[in-house]
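In what follows, a single structure is set out as structure tokens and then discussed.
By written order: A, B, C, D, E and F. Residues from 1 in each chain.
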């Protein structure tokens, strides 16, 4: 027997104060796997940082983001849309992971998202390091490549890294393009910056056709023109949103593994996300929140607010159903 | 249809790593109120600090204790008992509270515990400030007074406080005795210390017959003799355990509102709790964990470990059922 | 016998280093109530957070702001005015509060400000949560309504909240308008943002005539045009300044109870305050500094710097006297 | 006109909550220098760390100790004495210091204590690094040497240090003995430990007749026998108490410049202090609290609790007067 | 040309203050691999936590331990031995590791220690998680099994874990026994405690003949009798020291991945280490220091002090050479 | 025998992960003084804060900046220049300092830089408080005055301070101008702001001809016009870069002694530095990083990134050699 739409609502903060209760994403109900198909959007954690080559900690990201998510409210301030009235949203818990084995984790996470996808659910994910986007794409883009709006300090299109590993949090989009999951010509990367390993870093990405908006160009253009660029690049095709919190200036997101100074501010990031309203969005993630490097939890707050903005985008198209 | 005993088991850490998943107490399943009567022991949070006269913050205690509780394992190291095999244990969530109104909160919390009690469930609580023990006792001791093993830096038997309030976190046991809920002659307080407000502080408690073991006597006796005292005081009658983390030396529990230097260490506190095995225990709580004053969460860890020790005590008698 | 103007001067930092000494606001002398009428401006703390529905802690705000205030110097950088030469300024200490009782606190705080007002002193306040502005207004606006420049992430004009309470830190300006203390048509709110509870949030405020500059409009206008708006709204009538630190982006003010990402930066906030020079100002406050959520104290620093900017505004008109 | 004894009382915590108000030591009134002679005991801060050869920060000690001192209450738990009924106690503020010049600071601090001593006031000091005890002794021991109970990880009797400086926080007691201020035969040092610079470290101290109880002997003897030793060493002569918080295990006092693992616990330190009741005590200090290395302030709490224990000792003899 | 013994000395703290300079272990000189054979003892970091099943972070351990090691001095307080006069000690840097690949790391670390062993150097290691002891033993115990003094909260003799991995930080000593590297009958484990996964946890260890001193027995015996036990178990055979900081109570070592309350205190741990003087020691390590969970660095301080105690033990036998 | 250019290269992060290894600046090799003349650029720490009149801590700056410097990569993102291919760069360690004596330290630091200068090496320095720039200039500007690009919240051209000291971190550039080391007419100060001590503060600087761009003018002009001003002021003469991290808004650099709200953001600071490409640069420093006030280390990260930007500027001219 299917659940009422009212089931898929956050606990009200006038019934239970925000600081109270078992913290699920946005205070949503937990849905067991058998019931997934009843939901429209599943909020999922991937508690894993095994692809991290520098400072680990993103394995703790989903939990702290759940904790901070209870500060979120229900109505979007500019659109006055209530995502929970539009779509049936639920907490799906964390995917399985193997903290000792990268390849096994890729498989476990991939299987989880295949099941989510098979249940007809749009996934919205809290990472975890950025490598997790690869198994997500393997599930949701298996039938056709997707475009991507990618906010990040790093292009994450390296070929290989430490000890010649091809799977790290610096390589997911190289792999996704190679595997035909990501359409580089419908991909835009925003906020890329910081010192490089080699003089040809990021060239491959540009050669594939990715629109790489490095931070210098970002500030020169201004956010409104960047938004125009984004619209032009992604068009109307199916598009994924991947938000690495290190795309923001580290002052807003100190709790991350590879901070690079001189990044976006959250208001402009919100503007970019809000500009995606009405696009053909197939899922999204917020990654690289590493709580051990931010004991106050502000990185998780900014991360989960972005997740909530994406939720509003993903939910609105369900309104008619 | 009643649930299988296996339902009432923590998520295994070899299925999901300890840092993963929605944090419930001890990773136990959440039980809706309609199903409470299926459980033997309910783990409950009271996210409230409105009775606090100094540094507030205990409203955030239950959530951080849930987070840290995922470090707990299943088998007790000395008894080799698995509490989850003995009793059906479940997460009951947080009680309702009203952050703006003390009297309303006492009522809401009291009603919750009445329902728990009516469902035949033994409550194990994470506070919240110490005033919360009063509404708990009103529920579970309404038929006859209980004895108490009380670890704390403060006797909490003041008469009134700020602005002549009779309900604060310094008065619950005065009220409980007056209301006939607590039997002072079967009550032992351990670790009482620190500067006093008046020269007669704690005298009332002693006059009622409470066995007050101030910290000086505690260290003079040694923990083994203290344990003998505890046994003699509580006897075989129904007994409640109330563990204020400020009973510990603040170095072990900096995240609390009213720290007093020179307290118990956790190992000895564990010994005292373990000595209660086989007693007639009717519930317990761990209170005054105030996360804003301990960003690393070690207070919550020590608090929730004590909660787990109490859980083992409460669960064992259910083994035969 | 009245005190010399020199009495009302901060301790010099070449006599006593900034890190030294008992911390009063701006290192000013403490004035006992009997002498209040000798001062022009009183700096006052309201150590209270009982109106807070989420994360408490603002009760500790005044003390940490006093601590950080010793970093302030005497001369304003753009006007080169020394407020302490213009006006007799003094530390008035903290108001009485009752940490256990909201209504009693409103009364105690209100009485204090009535006395301040009766002594002919302009109050400059460090909160405390935002509900404290209500009893302040009851004192200083009892004879005629005041206008307000209000920097905040939230309109604080809700009707009621948790358990149908009409007094919370989300309702003070609804009450002030209802009580005829605040003139909505001479009120401007700057920086309002974040998710909403209902689709009609903030509508009441606009209906009363408050000029609500939501953050999106704020950034679209730019700070210079916002300043023009402010001037137009407040005109020459008596005006109060209320500065909630959560109006700033939380990166500048993490130590607050209800952070909302994407806010003002301190430089622009300073510009707005400085634009009020020459207006008819009757008092001001800086509220919602919650030290337990910012152990480094930077929120208190930014808060007390704003308080110092307001002090310069309040002091200048006294120059001729 | 002299002040009433009631003037010299802390603000009551039922009038003003502990977290409120301008923080003076123990919430005592501030006394201007002209009135010093009306007090029996002066609580004084020396905000200075210019004698520190490693991690500085003790300049901020007095202020954080004042902040934490508001957690103290009035009645001693074991003696039930109220020091404020025995003696007239007051906040004297911080001494002058020169953060840029060690020799100038020694002079400024020395002059301050000469004035205190001339006013007939017993000084109780919050440091500051340990070098500050030298100018204190120059004032209070100028007429005859004093004995000392000295709790510390370090003997502080080095001859010279960095760049052949003879005044550092490692040398005060060598200088005090050389200057005839400290009687080594009536001096006991407790808790000395940690790696040494040379194989003959501390030998000079022992040769002078100081009773050095290194930590190994301390634990072998047990605190009760240590107390006997202390009594035997100091006898009935005038005795000073100097408590360096690094004498405690650093877990209790992480906020200090030169932590050494494996030290005293606060309860035993309290026992040692309490054993000094009835001795001929001429002053005391608690030094080396360095807040920048302990953002939670627990070091200041333990430090100021020791200061309060010493205050009780110093105050009791005034009872008859 | 071989280096002078004077080369192998720490930088003096009267030449360069402790807070200054590039931080090597104990401020020792760095030795390139080509010169290793000139040293007697090599201080080595293994910056790796890939075997960690819960909270990672020990990859940062060696660097923070180097930072804190500059607080160490040269002379042992009880023996008055200068280890740097006894043995030629040097900083060997960090071993290679692969943050993405457990098996590759075991190989890289193993190769490094083979080379150290081949150079005739005794290794003293800062971890890293506890799995690193396995490749160390493969190098230094390849010719004959060693005994071990093992301080830890966990036996680390599990068989397998997450996803059936046989190499985790919970399994090194099972593997070492199976591979004939560790002689269980000459192995003593001290401080074992905490909840168990299964009712038979640690039984395998005992069956092999390891002397497991669980924390309850530890406190019952007292440290002096524990020391006797240790002596009896290890005898005169070659013995390794492995010190997991989680053997200490977490209050002394919060910066670790798997804290268990109720553990050893550092002074007693020092006593146990000091009791090993004169034994046939072949190396040692201090592991599981995870700086992200202890921003103040006190865990690293206690860890590196233990490392220095072990250094004194390892160095003394070289004195005659 | 001279070293190969390859010697002067950072350790590669694909050989050793960024979190591993003994932390030298940028992971460069350490050069002993005898070999200095082989290098083109020396990276130097001055671990000293004895000129600090408020909150000390910059003595720990160089070490934390070394730690964070391992996050730097090799190639500049906009110029794609590799500074290590252009110039021979090396870690020179910390200068000698005397933590107890300001004048002695000025001499020791001065002597060190004279030697660096005599070896023909361009110095790039991590402070330390800002007074250290004076002895640096005495070495590198002894033959002719230099111009300066100076980013700071404070002009640092005060005459004297506490106790009439002429050497403090507020006076270096007054002294440098008086000593003929700094050409005020070729000096530009950017970001000056905050309350003043006197109404004539900074007037002397302007009278000497320094181009003081106070923060208000800075924001009015916009960074591009500021860059034009900078170019016009410094021309082609020899120019030094001095970057005080308090020039940035304190949200980016909380770990500093004298924070002033409302400052530069790092991206614009990077733009200003990058605009100096091709100028006649003779050295640079980044000062006032005070780690005790920023436990997360983000101030050190932003500081060392600026140091790396300056390194790229200093290195490029060596390319042809």
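Please note the rule applied: a contact is a pair of C-beta atoms (placed from the backbone, for glycine too) under 8 Å apart; a residue touches a chain by one contact, two chains touch by 3 or more.
On a predicted model such as this, the values are computed, not experimentally measured, just so you know.
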item: Farthest chain (mean CA position) relative to chain C; value: E
item: Candidate from D-F, A-E or A-F with the same interface as B-D, over half of contact pairs in common; value: A-F
item: For chain A paired with chain C, centre-to-centre distance based on mean C-alpha positions, whole Å; value: 38
item: Shared-contact residues (touching 2 or more other chains) in chain F; value: 17, 19, 53-55, 59-60, 99, 161-163, 251, 293, 295-296
item: Chain-chain contacts as defined at top; value: A-B, A-C, A-E, A-F, B-C, B-D, B-E, C-D, C-F, D-E, D-F, E-F
item: Residues of chain B touching chain E in the complex; value: 13-14, 17-19, 71-78, 80, 82, 251-252, 265-267, 270, 296, 298, 301-302, 305, 308
item: Touching residues on chain A, where the partner in the complex is chain B; value: 15-17, 19-24, 30, 45, 47, 59-60, 62-63, 66-67, 91, 93-94, 96-97, 99, 295-296
item: Complex contact set, residues of chain D against chain F; value: 49-57, 59-60, 98-102, 104, 161-163, 165, 167-168, 292-293, 295
item: Touch list for chain B against partner chain D, complex; value: 53-55, 161-163, 193-199, 201, 214-216, 219, 249-251, 254, 258-259, 261-263, 293-295
